[in-house]
Amino acid sequence: MKILLANPNITEAVTDVMAAEARRSASPDVEITAATAQFGAQFIETRVEAAIASHALLDILAAEADGYDAAIVSAFGDPGLAAAKEMLDIPVVGLSEAALHTAYTLGRRIVIICLTPRHRDWYGESAEAAGLRDRIVNLRVLPVAVRNISTVVEDLADPLFEECKRAVEEDRAEVVILGGGPTAGLARKISDQVPVPLLDGVSCAVQMAESLARLPIEPPRRGGFSRPDPKPTKGLSPALATYFEG
Amino acid sequence: MKILLANPNITEAVTDVMAAEARRSASPDVEITAATAQFGAQFIETRVEAAIASHALLDILAAEADGYDAAIVSAFGDPGLAAAKEMLDIPVVGLSEAALHTAYTLGRRIVIICLTPRHRDWYGESAEAAGLRDRIVNLRVLPVAVRNISTVVEDLADPLFEECKRAVEEDRAEVVILGGGPTAGLARKISDQVPVPLLDGVSCAVQMAESLARLPIEPPRRGGFSRPDPKPTKGLSPALATYFEG
Amino acid sequence: MKILLANPNITEAVTDVMAAEARRSASPDVEITAATAQFGAQFIETRVEAAIASHALLDILAAEADGYDAAIVSAFGDPGLAAAKEMLDIPVVGLSEAALHTAYTLGRRIVIICLTPRHRDWYGESAEAAGLRDRIVNLRVLPVAVRNISTVVEDLADPLFEECKRAVEEDRAEVVILGGGPTAGLARKISDQVPVPLLDGVSCAVQMAESLARLPIEPPRRGGFSRPDPKPTKGLSPALATYFEG
Amino acid sequence: MKILLANPNITEAVTDVMAAEARRSASPDVEITAATAQFGAQFIETRVEAAIASHALLDILAAEADGYDAAIVSAFGDPGLAAAKEMLDIPVVGLSEAALHTAYTLGRRIVIICLTPRHRDWYGESAEAAGLRDRIVNLRVLPVAVRNISTVVEDLADPLFEECKRAVEEDRAEVVILGGGPTAGLARKISDQVPVPLLDGVSCAVQMAESLARLPIEPPRRGGFSRPDPKPTKGLSPALATYFEG
Amino acid sequence: MKILLANPNITEAVTDVMAAEARRSASPDVEITAATAQFGAQFIETRVEAAIASHALLDILAAEADGYDAAIVSAFGDPGLAAAKEMLDIPVVGLSEAALHTAYTLGRRIVIICLTPRHRDWYGESAEAAGLRDRIVNLRVLPVAVRNISTVVEDLADPLFEECKRAVEEDRAEVVILGGGPTAGLARKISDQVPVPLLDGVSCAVQMAESLARLPIEPPRRGGFSRPDPKPTKGLSPALATYFEG
Amino acid sequence: MKILLANPNITEAVTDVMAAEARRSASPDVEITAATAQFGAQFIETRVEAAIASHALLDILAAEADGYDAAIVSAFGDPGLAAAKEMLDIPVVGLSEAALHTAYTLGRRIVIICLTPRHRDWYGESAEAAGLRDRIVNLRVLPVAVRNISTVVEDLADPLFEECKRAVEEDRAEVVILGGGPTAGLARKISDQVPVPLLDGVSCAVQMAESLARLPIEPPRRGGFSRPDPKPTKGLSPALATYFEG
């Protein structure tokens, strides 16, 4: 099985962090390939950045997704996820979506740890878009600033762990999610020190993508996620323009 | 007062239809300027098209919004609206948002008429994003195909009117909204034949933009709609890149 | 354009405070006329007071609204608003409704400042009735007692401003609404000191009433806001009795 | 035990119909006294009529409720109910509220039969105000006109029964409520012909009022239903003015 | 009238506490008979215990309910309540359900006091199942451990009273419910010291059971609470096996 | 990896149908073992049957789950699922839960096909309990009676397929779920004839159980799904009694 991990931000070092955790999480017969956005912002926090990243993501997928069995939108907050599902005939999953579906099976009180204050709003809105907002009892923000987005696991393991403990003590969390792609790989290191299940978006997404690819599901030929009729376009990348030609 | 009407699709003939209704709706002291997306699709119906249109909209606004008192995201479904509100220091309103806020003040049972089946999903989702889904009792789809998106008012006045009547008879609509930018101008022609208030997104948006621009409101310096810190970018248009430099 | 501002409480000094802000907020071609309830309580805080005020409001409107282009129910909490919309063929807006619709276009986290504890419940219930409760993250109560309802702007500017700041700091408000008709005029004085948009019900209502009056909207001839059939009555004011005669 | 049944409309013949059913439903030691509104409309269907009726109801209660153990707001739709609960130290229940609480204990799918189209909106809104809207799967309207509000049980038994059967067949109702005070007494006549529990507002309200009066509940001295501080008033009935004097 | 009070846990001393309060609460013509589960846990706190208790409850009811006019599921959290309503042709009420319906008629802000932390989750979930979760503003947990479940009223009156006061002060409760069957009888002792209505599940359930038994309600012959067709079984108690034989 | 498939009804032929599909769906390294309830009903449709089945399920799991990596509650409607999650330290998934989580990733409009009318209510309630009710747009019931629960796939393939087509045509389903354990195996046979993704509970549950077992998740030591303190019991099976001893 081949899975495409598409990072909608432009920072390849973050792509590498996420791809490494994806490979640790994948079943032996699964090959992970990573791709990084060709335009956009260093890091996605705001609605403006997410809007641009959605376009950049579709550009990656239009150009690269051929021949894969599943794709991962590899940013917490899932920019462009619904559009990607609509565009491709293979299963597409997002980090937020995958972490939340996993969390719903494990407990009733979910807390997400956010790297920055802007993430709190965005992650809440993406949970609403996924229909999975009701069981999130809090979105907590790391009380220290993120200086280098590519070394979060090394630099911020301690404050992230402290925030997990507060989620359990103060919010009575039954499941904790480490939000943000840059935290990929930390959960498996500290999960035995947190007294409730601790989830990481990348590993949940890999497992969910594998599951969907293994199920005997046909792509839709009707409804809002089926392929639309062709439509004239202007100014798009060649791959995206080709998609619109039907 | 100067208002920028930004059409996120690439079809200038539709921009002209909407700008004409905007000028009919504006107060005497208001000047309307229209702009059209530089990339994207002919018409916005799908999640993919809306995602690309959001980027195209931000490109327009980054390049053109300077010196305006308010801006209108001139597509029903409001692609990129929240991002645009976040980006600009002036009030920004969308056609769906404006029509729905107006409808909420006029009745409890709202019906939106959609030009195509894909619009039904998208308009519903945009109403949810605006927090204004609860009073929409139906989204009806025109039973005939749209052949020319630029001449909807001329070509489809009769079936649109029939659908309005069905909304009243079958859905007990108390307010009807003609969805879609291309229908701009039709509501005022047929409103006296529909037994409940009939709304058009463009005229509602112009009135709402004027109102917000007249109120003594300061732009936010805190929270999720305030200006974020600068951030490195790659591959963006000069105007958008400049925005990210802060 | 002529707008009738109807105060459902019996205190003319409060009517004057609100009418002054209404005139400051109105467009040059708009004439504001104010009217005060002929029976009821000095100030509306409780469900009993609101119930009586609703009747008093309808009495004012039945007697006075002829010849106006729009009417304002000039009490925060909007007593009798839905009934007034049902009774009149012109647009009617309430202070809570107008402030909330405006707030929804400006941010996702709304806080209302209340003059007294009883207002907290009532304003929350009126927001629910308007379908606009979901984005209110807190209703804060002024920690000092209101001694003179007619001089709130002079007497309580400081504690009201402090509460606005707490709304931003503690509730992460993205929009703050100064609740209560008696605060009319304060928001424009202190809005530049509050780091998020600060709204006043009267000015929002004036702008919304103007907008609705300018739109080409016909009054409903069907549904729950249309004119009902005549019905026998007993013991009503002459104007209200006349309304029921159809 | 003494229960005051207060009819907020002005039609004494309807008061008599409801009082008769109340007496049939009451326990042997319970005495029912009925009172009729001194002003308002013949029949309550609209928001305007409900607003006036709320005031009329408070007038009745302020004048008459002394010495009673409980009171019933005897109109389906419960005009003025929350205000009445706030005003009195004895339990107060409404017909809609009582029928819905009873229905919730009997099934998951509730249907209300309405005498007129206007009732459908109002009963739905009163259910929302009571926090009991979620399980109402339909509000059905009698397809024939009501000619005499005082003889509904005699004149309309057949079409009401037909509508009950449709509620079971078409809406899969598990409980049916005969809405409207004028239908009082019909449910007990036809309940054995309807294959699911059939409820009548008056009998449910009598039972609920008795229950509340028998429980060892103290009136609130805190919160939104406790007695407020005195307040100046103008133009009120002597009894209501006395209430405001505290 | 004869009411069967069925305790789904195995502790007869708790059955006695609840039966005593039931008899204090019942009308003079009502006879209360109590029964205790024949298998299960000493005390019901967890989902596992509630699942087993539901079966034990159905066993009691299948064996004993014949000849009664109503039954009470006498554990807060209402284990097996919906199944019991489905099984019997007489009215069945639960302690949580009855306390919440009563509370809804008395105020808008409800707080439940829980004996242990596990109860907090369970009582919240049972309120959701009853459709009565929206007005619960807090579920508070007693800060001291319960040592003897049969003597809670004697041992824990003071901390329970303190928690009631905190509910009023900190949560602005308008109604307080003492959760848990073992607290039966305490509310009537301390209700005059709590400034808002204080409810006890057992007395509310007795009153509600009496009311339902007095109303002229027929058991359902259609829908999800009617008697199903016979079905083969294995390994059930004789009484339950007989029920399935139809 | 070893997965225990526990059928909460007593019919071994249905266990065999489900186990066969589970084995078809499992990854090569996964061993499926099936177990059948020792007491209860032939088929689970009603609340009474589900209550008894929950106990029977816990009995199976207490006796058999040792040494497994995950368990499946193998009945659509998920009787006892939350209790099973609470009881075991390994992941536990239900058929409804798994099918719904899968469906949420594939579309916005979900329809469940039910074998009998009673299932419609139960499946809806189990979706609510899982927090996954919002996107279910319809629960359709097979219009023909089920004569033999063990041969549904052979006997009823045609009417089930017809109902899937109606879900797409009439409900605009974007995902269809074949409800009921007895339908296991049918979806993969007909999925290419249904124009939207068609899901089967057993295969979704196997994939979800595998995913959860592969993720590095620790069992909870805090909160409502952690192991409770020991508690005295009476009349339970030896395995279940041992569980309560802690």
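A few remarks follow.
Just so it is clear, A, B, C, D, E and F label the chains in written order, and each chain counts residues from 1 on its own.
We adopt the following convention: a contact is a pair of C-beta atoms (placed from the backbone, for glycine too) under 8 Å apart; a residue touches a chain by one contact, two chains touch by 3 or more.
No experiment lies behind these values; they were computed from the predicted model shown.
Among the other chains, the CA centroid farthest from that of chain F is the one of C.
One copy, chain B, sits rotated relative to the other, chain D; on C-alpha atoms the angle is 120 degrees to the nearest 5.
Chain centres computed from CA atoms place E at the largest separation from chain B. Two copies of one chain, chain D and chain E, form a contact in which over half of the residue numbers belong to both partners. Averaging Cα coordinates per chain places chain C and chain F 53 Å apart. Each chain gets a centre from the mean of its Cα atoms; for chain C and chain D, those two points are 30 Å apart. Taking the mean of the C-alpha atoms as each chain's centre, chain B and chain F sit 44 Å apart.
Residue positions of chain F touching 2 or more other chains, listed in rising order: 85, 108, 121, 224. The residues of chain F lying in touch with chain A in their complex are 25, 27, 85, 91, 93, 97, 101-102, 104-109, 130-132, 134-135, 168, 172-174, 187-188, 191-192, 194-199, 203-204, 207-208, 210-212, 214-226.
Looking at the complex, you find that chain A touches chain B at residues 10, 38-43, 45-52, 54-55, 58, 80, 82-83, 85-87, 118, 121, 125, 128-129, 224, 228, 231-236, 240, 243-244.
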